[in-house]
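Presented below are the structures under discussion, each in the form of structure tokens.
Next, two complexes with chain A in common: one pairs it with chain B, the other with chain C.
Our next item is the complex of A and B:
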């Protein structure tokens, strides 16, 4: 592109600072919102009003904010389920399945303690709640480990394996909670039995305690990746498996470990949503909606470039927009899924803007007319 | 465009001329008022170390970059290239060092791919015949129906050359033409280059090392240093030493000084060792040798004769099929890689970019590759990056690694500086046994000399060194023992001062002493 004596050129970036990534992501979000306002305009709704209502409900409303935070915790755990393998260069597309297996394991503990019989069953919270958490992590980890094992031992593509395992887990949940299934709700309704009151975990200002778990994992994960030997091995393997092997990193141990850990976190996300969020306390009928939402862990992980701390604002934004989008859909009588549509546009915009992670635009003075040059 | 400017041009006339080419990048002047004149039918080598500005100049001549200042003339007419397509249409061709071919396609398909007539009226039969004639004329032996992935490096290069010729190139820019070739392939290529020059084609090889090649075939040489032309001369007037001096800017000693070192105890004993390559074929076949402290054993061979596999078995990256490996009297045949490093083995892999380093890691993290497993550098599993950083700074200083600092990513280092870093990192462990696989391959003259001297220093400090090289001169000048290797077998063992170039050369080609196939 040329304008008189100047021309526009894309130049490959040599260095790239964290604040630049944040700036570019901010611009991408602004661009997506601007683009999406066209849809509001077509629906004869003032976009500013729509966004104002959406954000107000998601981030300031006393009913909306707790919903946003619950979703944020859920998304953050799913994001870490993606990020850990991602830092080892592997793709976990199976957080959905690991999430389902975490849910089943959690409820299996309660089932084993006879908690299905009555909501007033006398279970010891000090014993059962930690066991439920542990089971959620182990269930997710075991399911993730299948992909990690196959990858490490036989070099089987982890994307294919995790995707297929998603379907298996989804059917397994359906089988367990259907009418006549072991976890069925006494009232039918295609959902699981409800947890006994005794194992409702503590709430802090209406927020589940799992938020501390999630934020603790943020700190731990950042530390492990940046400062520890195992974190070094994971990153080395992620950048170059060949070079890592030269340096003595086990090509079996790393894939196995990262999928084990990733799966465990997806499993914990299931504990959070089905056993800690107030008002749920069961594997709800719309469990598939959360299974789909778990995939947003991939998007959040990619946008935050695998950085556990950067994942916090991203997961919070996605959580808030999905809650706020669903809210204004009802409020403004819109006849399509605003939450999914908006997340979709946001995702495309963020991915497109990643171009600027690698290139920058420069203006060059030229004497003569010139042409656009893109250097690779 | 001026199709056919170069048609009918006569030998000795100027085909391509660059005047006052200047190109700046942030922080450096890559090309500083460079003049270059190329005549039809001449072989004009452009010589320079890594970072001298060769790549930039080459890219400007081929239209990949536009100069900030200066002019380019083709056949006397001033031109400006917006892209390589402009250069190609004016008869300039480029043979890339990193091949740009479609591996799954046949040779013929690759050659006609991108040809302006392809898909329109280009007749496959006719193309096959014409390309066959080109092969015949310039001595390329290629099966046009073969798939590119089946070809050797030399054959792939021939495909690239044919591709440019078939598109009508009269000027060929050759990027490091001999760097990936075996000695035999190099000879063939040089013969082809001379044949093309006899046909009034201008050949411009860009070269960083292998000065003898330059002296053997070129007519004229232009030497670059730090973005400027430092010499422009007839090859007849040049010697290896004079060219090296112009390139490096100081006197270069080609004969490495070898002090007498008393050989000590045996450090490495290899007994009847065999191993398979990735395809399951026996690549190392019953090899036995001993290296003592303070000795260099030079393994001379053309690549692909089992050197790589042998190095990997010794380093612990590959399983031994049979035989024994003994380090300092202890058998380590089945020891893990990390146990070997901790027992005193140091390994410099041949692939310094893909295996020896991690491009997106900082220099500190790259140095950590050989240290993170030591408790001294990572207590209770927590890395002591301060300590590794100090070590990195020491290596940078001692090995003269040119970098803005230790936090720079490895991908920003030139090949020579990266190799110095890897060498420094491995030698900082003070290894009892050093396995150096192609330690100077692709390095410029200055860096080569530096690396070789460091190997000699390690020898003086009583390390046992296994030196693997395809450069026979390097082997002969450094080694205490020379072992030619062919198809996984050692063909003999000569004391370094008694090994003759001819004898070792014949043995590594798989011929017996009378020059017959054995």
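Our next item is the complex of A and C:
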């Protein structure tokens, strides 16, 4: 490409600094939001008004902000479910299924303690809540491990497997909570039984305690990925499985482990949404909506380039945008699915911007000398 | 029973079109994991076009056109920009999933048009699908264009040296492949089950992707796989017809997905690989930059 005396050239990046990555990610998000304005314009809504309303509701409104924070905790965990395998070069698009299995495992614990019978069932929170958390993690991990095992042991494509597992888990939830399933609501509704009051977990300023869990995982994950032997092995495997194998990294252990851990975190996201968020305390009828939202974890993970700390602002922003999107959908009488559409536009914008993570644009003066353009 | 066989063949038709599109992509070395997204777009926009113009022709045309455009987009991202093809495909899928949920929502419900007439009791698309399989097989294995496509998928550098335009060939394949995927979506929404509902495909595109792996990149085996999966899918919807009272309907719905994992696993075994060899296009998923 050339204009007058200048020529546009793409140069392969060798390295880039943290601020450059942040800038490109920021631009990708800004580009997506600009593109998304079209949706508002087509709906005859001023995009600036729409964004202002979205952000105001999500981040400053008394009712909106707690929703945003709850969504943020959920997204952060789903993002980590994606990031851990991603750092090993593997694609976990099964956070949805792992999330469902985490949900079923959580409720299985309460069911086993007889919590289905009555909301006033006398369960010991000190015992049951930790068991629920553990079950959520184990359920998600076991389900994630299927994909990791198949990948590590038989080199089966993890994308197709995790997607198939998503559908399987989704029907399993239906089996458990609908049409007389064991977890079905005693009132006959197509949702799970509600948790007994005794196992409502503590809230801190209306915020579930799971926020500490999520932030603790951030710290732990950053440390493990950057500073430990296993973190190094995960990164080495992500860089080149063959080279890692020469360096003594097990080609089975890493895929298995990253899916196990990723699945555990997606499972915890289910504990968070169905057992810790005020006002829910059940596997809701629209569980599929939360399963779909888990896919936001893919985008958060990609935009934050697999960095657990960078994922925090991204998950917070996307949490806010998805809550704000749902809000203005009602407020401005838009079609259902504003938050879904936003998910799609953000994703494709990010994919297009991927290019800039690998190349930089340089303007080269032409005219004086013919060979200036050669920069290798 | 007769009804069941008909419906199975019609379900297979959708797998045939979508998987054939993906197969053409992959033979040229481009992996598009976003089949589901392209199908959702073809289905949703085709549905809207048909309903608003009362013309099936326009509906299918729109489905094919949007599929072709998305194929081009994937081609641009993967061939020209040389990005990670998995990321690009994921982008198409999530774009399709997100955007069609929003766009299609006001059209939720039945199409409300007279059904497409059948031919000898079956949807005409079934016959078209069989013809397309034959044509694709012939084209890929018996013509010079097919040879070029295969060469580009196996070793683009060598193909380039022998005078084949790698970029052009790949663009041709991703566009035609996308058109077939879009058409597959439109067939679903206009013919197989003419009712729009949010995310109604629920995994057909991903199964189509797996079918290409199962086919060992051979259109004739692909046809067999599609027929098998169409039947399995239909069985999972109406198990009471053949095997009443075994499992609940929800458990049945899991069967096609579980079977997919089972087949993938079988194909990954040492026995299978030694017996059937590696048919996978050598350059699949790898971007090619001319030296």
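In this text, the second predicted complex is superposed on the first by the 365 of 376 C-alpha atoms of A that agree within 3 Å, B and C clash if a C-alpha of one lies under 4 Å from a C-alpha of the other, contacts with A are read in each partner's own complex, and residues count from 1 in each chain.
The rule is simple: contacts are C-beta pairs under 8 Å (C-beta built on N, C-alpha and C of every residue); 3 or more make two chains touch, one makes a residue touch a chain.
Keep in mind it's a predicted model, so treat the numbers as computed, not measured.
Novice: Should chain B and chain C be called a clash or a fit once both complexes are overlaid on chain A?
Specialist: Here chain B and chain C cannot both sit on chain A without a clash.
Novice: Answer with first, second, both or neither: which of chain B and chain C does A:182 touch in the superposed model?
Specialist: A:182 contacts neither chain B nor chain C.
Novice: Where does A:242 make contact in the superposed view: on chain B (first), on chain C (second), on both, or on neither?
Specialist: first
Novice: One more residue to check, A:228. First (chain B), second (chain C), both or neither?
Specialist: After superposing on A, A:228 lies in contact with chain B but is clear of chain C.
Novice: Once the shared chain is lined up, is A:150 touching chain B (first), chain C (second), both, or neither of them?
Specialist: In the superposition, A:150 contacts chain C only.
Novice: Could you figure out whether chain B or chain C reaches more residues of chain A?
Specialist: In the superposed model, C touches more residues of chain A.
Novice: A:355 in the overlay: touching chain B, chain C, both, or neither? Say first, second, both or neither.
Specialist: After superposing on A, A:355 lies in contact with chain C but is clear of chain B.
Novice: Can A:167 be said to touch chain B (first), chain C (second), both, or neither?
Specialist: So A:167 only meets chain C here.
Novice: Given the complex with chain B, which residues does chain A contribute to the contact?
Specialist: For this pair, the touching residues of chain A are 14, 227-230, 232-233, 235-236, 239-240, 242-248, 371, 373, 375.
Novice: Considering the complex alone, what residue numbers of chain A touch chain C?
Specialist: Residues in contact with chain C: 39, 91, 93, 150, 154-157, 159-161, 163-168, 171-172, 174-175, 178-179, 292, 295, 298-299, 302, 335-338, 340-345, 347-348, 350-352, 354-355, 358.
Novice: Spell out the part of chain B that touches chain A in their complex, as residue ranges.
Specialist: Counting only chain B, the residues touching chain A are 26, 65-66, 82, 315, 317, 336-338, 341, 347, 349, 351, 354-361, 365, 368-370, 372-373, 378, 381-383, 385, 412.
Novice: Which positions of chain C touch chain A when the two form their complex?
Specialist: Spelled out, the residues of chain C in touch with chain A are 33, 77, 81, 83-84, 86-88, 90-92, 94-99, 101-103, 105-106, 198-199, 202-203, 206-207, 209-210, 213, 248, 250-251, 253-254, 257-258, 260-261, 264-265, 268-269.
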